[in-house]
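Please find one structure pasted underneath; my questions will follow.
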């Protein structure tokens, strides 16, 4: 099993969620994060002080899928999250040993 | 070494923490997340507009443990976080190559 | 490829970011987290009620790097985040199978 | 006043002497009572509080946090710029006599830069012989102009350029607000009418009588168009609420919907702020309504009481309607109802009886609830913060309701006729025609005028922000700041 | 008044003439001064501000964010519903004469629907010959009823159903508040007593004297039970604070503890809001206390000054007590102290001297601090926001303290006796008995009455939300909204 | 007053009689009008609102959230402790006659513990024959002392120990504020001067004349140093703003920069709170400025109007300056401008004409903007919330501007000379010298005095928190609480 973790633009969440449920994913977990990358930030001005703000609001979406689903998940996320402009974000995939559903104790694919 | 990552209901944090310290875990890291899954959300109404809110507040607990501790950790979390109702959450386990304590530079199990 | 994930003290973020860009890292993702560990919390008092607060604000920095960059990244983070006092945090390294840049579809090292 | 009454009643022996000195007395003109001055200063500061921070927070809480500062600054800017225009020429255009054919619609420049207003220059109230310092009248009315303009911002929220707002407001206040306020509220005042009427009454010779009648007619002709049409609007149902409400609707149609409207979740970022704002609106509205009486007298107390009752009734009406229809009573529903009640009672506040105000509030709550939910959803216009549904519709309910509730038979005060020095006969049909006329003319003038001004602004600086700026939020893009850094 | 005095003092030549016209004068009744009307309208709006947004924010800031809106709406609802009931029948039941044996405890329906109150109908103040428009008296007292009911909500916070609150409030205000307010505050007024006393004084013939005495006795008998018992309560120590405080305690015992109480961390979600609320409480409390004088006179200034001094003293007293005992001075401690000081000085504000108020504040701070920390922890009841510890205990300290501090020897004003037209002799024991009686009767009436009403509500709709709803928060479950979407 | 005028004008037949009773009249002293009392109570509560919650939120919003509560509590504490000191001995030291050589600089203890102030004790206003209850004068001035002290806190924000603040404030208010307020505002009052001048005018015999002149001189000599120097300061440009501004600057230099200042991002944690605070400052400032007239008369309306105009002008001036120079109009800029305008108009508010106030606002906006951005950045001192740049610089602009704008030729009121009972001849040079003297003496007294007091506090308890506590935030470390638990 794998976790597909995507850093996306915040307003793309609904579309990404829809794309994922479209390929049969039933659950995911979202975290508010700040991203630093090639996308330029903006300048904030507070009276005398000007600050270059380089950390931009992003969302991290984590979805656990069976290994054979990874490609489809990546395609779904890429399709939904892409605006074509710098800062669209990244997808990282990492392996997990195990998954457990707390309520039932089911494990692995049954836990999803 | 592994990281045991659990998505739990927010009000279960104290119990999970206690269960983990009970098995000798000395540290953990908690993140506020929003979860989407089988658990139904609720409807919010703001004047004319009604929204189905499907993302529910959850906590992500990450705890790094020696590989032989994983089972105990899963058992501790499951025991403490379970209410038996839908939405209790998941546990995912993933391997880590390495751990470092920033203060001392200690690595691996010594770093925990 | 690996993700180097560091839990650091919040006010060290700028220094860690600078240290990482110093070694050629172009992107990273930051999450606000609460850490529980050896570092003592504080007591809060609200009228009659006193609470021992053990969860302290920390930042989680995640940076994806090519495998051969891991050591440098760890060194950079350790150097920048260290105050020598308890609670400086941890670094965990975990492997990733894959990275994708959403905007372009580039993968692996090209995606960073 | 107390002591004057006391003397009149208690010292008949002196009355003869008093008659002898009557001319001296008359020459002195109306009197200023410190109780009135104290109350009008208080009322003015209360109305200021309605707009900043009241309205700013009420609106600000309803937008997404990325647009919070833009809302706050737009309201704050509007307050400041309208205030400055008011003292430069707005007061004069609104509350002085105009000239020629346009006199029914707009005043002149005799008070521009507040020329001729000394600390103790008197301004008429609604009572013969009672005045307040003109300076406080200037300020009190100033705060009305400011809030009216600021109300519009709710329709344009979350997508309109700050530079467009900065240009639109001075134009709108000049070409829409000043004329409408002049039409409804400008008149020659009770003392002039009373004096002319007394001369007429005293006239015995028919030539003198004719001349006196002519003089009285001239005094009566010195007023705004809708005032002369017999429309009554105690504190601004037409001038403030219908006016801003229709300008808002036109604006939201021209600016277009927010990106994601109807698809994305756009919940209020802080209903706490909206609640604070609503409470401050209510708080300040006592100054607005009871201050509109211009005197700290029993008649102000009537307006004050109605401002309590209609508001509470309307809040409950909306809240229970929502509870029944949608299944849950909400904070946003209750406070929207309170605001709708305040709007509806505004024109009626000094005219209605207490139970009339209660009924008015109950009706307004259901009507506005229906508009902001069912009707708006059916037409799918993006009046972001429901300026039309609450202020325009509530204002219409109030303007028409005032025509009914002023009826003394329903506990209303009736309309005082200064020429005969008593309450006039009530005539439902005539009154409703006058009220409807005021509603329609306000809708047309403000609707068309606003549309033209939006177009001009669109051509000059553009109304709408770029779509990525809208996504990222107006705060960062227009102002380079964020509301919260927690 | 100014000019009246002036005339009295300055024109002795006229006095003879005045005596001749005295009947005419008397017939005219008390006079309304615009300064008083201005002040009472201001005071009324200040008291409104205490509840919404003041109390709503003070309480709201102390709950967890998931229950913020429920707190805000419960307070807002209470304000509205009490206000409507007040104009329908509450004012009448509280401030008119009742009939028969119940007259000591409750009034009648002669003023139901505010019948008979015209714009200039006078209401008595505490000074012979001085009145205010009855409408403003209605409203001022209305805001008292509303805040008293709303105070209770702090004890029930975070677990009580909105529907239970919606039902409880109308019942409680009717069966608990109106009777207690009637008992303490209803009297025939200074003019009636003064007139009757004057007739008695003028009587020479013994038959006439006896009749006059009878008439005076009837006037004096026309009052609430505790008023006649000699209890003094300037602005509501018993009626408002002990009353709501004990109702809160009974409520929290019947509703039960919040899930997790004593185990889970339940910190205030926004002490910023609590601070704003506390400041607005203080701000509005000047209307509450100085407005209770009903005139903008030196005696109102006394109440105003005491409201400054006792509050600051109590805030400092609590803050330093906490600093010494717990090691740190806290925001919540300082503002709790301020509120406790406001509570304690409420009954005393018009009676105490400045230094008396200072001492009262210092004492109340330490006593309430001790109650909210030590005593409450010992008994382990979940009075969520310390309504009992602050309002009931603070109210008792104030009610008893008033009995001591009213003593002219301690700088107090003494108690004015209208039958002899001067301050009465001070009697510590008699006064303390009267004060204690008022405290005990309020505790019993409100405690028992509230318990019965809670039980009725529990049977009809249930007091408490389901446990998963409590976990998730009342905002989502009762209202379908969230306070913050950042 | 109304009726007095009326009598004077209308009843010449009575004048002869009045002359006969004149001594009786004079003996009675100045009269209290309820309208004035109502207004002064309102003004007092408005000024309280400026500090808590106004200033507390304005400042609090600008700090990082970890220091929010420390800011709130420091302001709240300052309000309370200054208030208590004021009633104990501060009022007396400021507003009673001192003795001997120090009388120019500080008063005596005759009013300590507010001794001798009964409910109706009159305090002089600026009009002969008009008084207000001394109690309300005590309170009104009390709120000035409190806000002045609290303003300093902005310079010391985010790094100063609470215990240091707790000690500094009582010292500073005693040794810096009371003397400066005494120097500028203490005088014998209009009635005393008028009476003495009348005696002099009536004197015919040269011996009597000499004695009368001596008596008048004594009355005129009974005043503070700067008052006698001819400096005018309507509502506190020197006493409040320059005074606190320089104390702030000295403080921030002695406490040192915040850790990370100039390197780390330190954005305001909630500009929403700052906006609320700014609006409440403006709201309350009407009490501050128009209340300083002490009467609800036309002259108060002048101050009120100027408080509108200068503030709006200055907000727009700063906002547009920033828009032009930095490219974006900001919320913080607009509200900083509003505050700067309020500061600048404070000394001028009762003296300037409306258009003068407009110009003053425009100038102050640009000057203060320049100071808070360019100058401050150049000198790199960490005046965290710009107390110096806004209050001291704005205060100087206002103090000097007042000297110019009081000129009747520019629409100003001129300066009333009670000895001749009319407005004095205006003399630019003399007036500017007097104004400059007031500015310089305030800068020196407060600058040096504050430096000494900071040093004393540093020795006794230490000014600055430990660096890890500063990192973690003052809320947790000094108060054991967090502002937000969302």
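Letters A, B, C, D, E and F name the chains as they come in the text, with residue numbers starting at 1 for each one.
FYI, a contact is a pair of C-beta atoms (placed from the backbone, for glycine too) under 8 Å apart; a residue touches a chain by one contact, two chains touch by 3 or more.
Computed from a predicted structure; not experimentally measured.
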Going chain by chain, each one touching the next, work out the least steps from chain A to chain F. 1
If you line up contacts by residue number, which pair in A-D, B-E or C-E shares over half of them with A-F? Let me know. C-E
Chain C and chain B are one sequence twice: same or different residues at the contact, by the over-half rule? different
Between C-E and A-D, name the chain pair that shares the greater number of C-beta pairs in contact. C-E
Distance between chain centroids, defined by C-alpha means - chain A, chain B (Å): 18
Rounded to the nearest Å, the gap between Cα centres of chain C and chain F is 50
Centroid distance [mean C-alpha coordinates] between chain F and chain D, Å: 34
Tell me, which residues of chain C touch at least two other chains? 31-32, 44-46, 94-95
Set of chain D residues in contact with two or more other chains: 1, 3, 33-36, 38-39, 42, 265, 267-268, 270, 276, 326, 328, 330, 332, 480-482, 484, 486
Identify every two-chain combination in which the chains touch. A-B, A-C, A-D, A-F, B-C, B-D, B-E, C-E, C-F, D-E, D-F, E-F
Quick check: in the complex, which residue numbers of chain D touch chain B? 265-268, 322, 326, 328, 330, 332-333, 336, 372-374, 376-377, 386
With touch defined as at the start, can you tell me which chain D residues reach chain A in the complex? 260, 263-265, 468, 471, 476-477, 480-482
Under the stated contact criterion, what part of chain D meets chain E in this complex? 1-3, 5-6, 9-13, 33-36, 38-39, 42, 46, 64-65, 267-272, 275-276, 279-280, 282-283, 286-287, 290, 295-302, 304-305, 308-309, 311-313, 315-316, 319, 326-332, 334-335, 338, 354-355, 358, 413, 484, 486
Interfacial residue positions of chain A with respect to chain B in the complex: 3, 17, 26-32, 64, 94-103, 105, 111-112
In the complex, chain C touches chain E at residues 44-51, 53
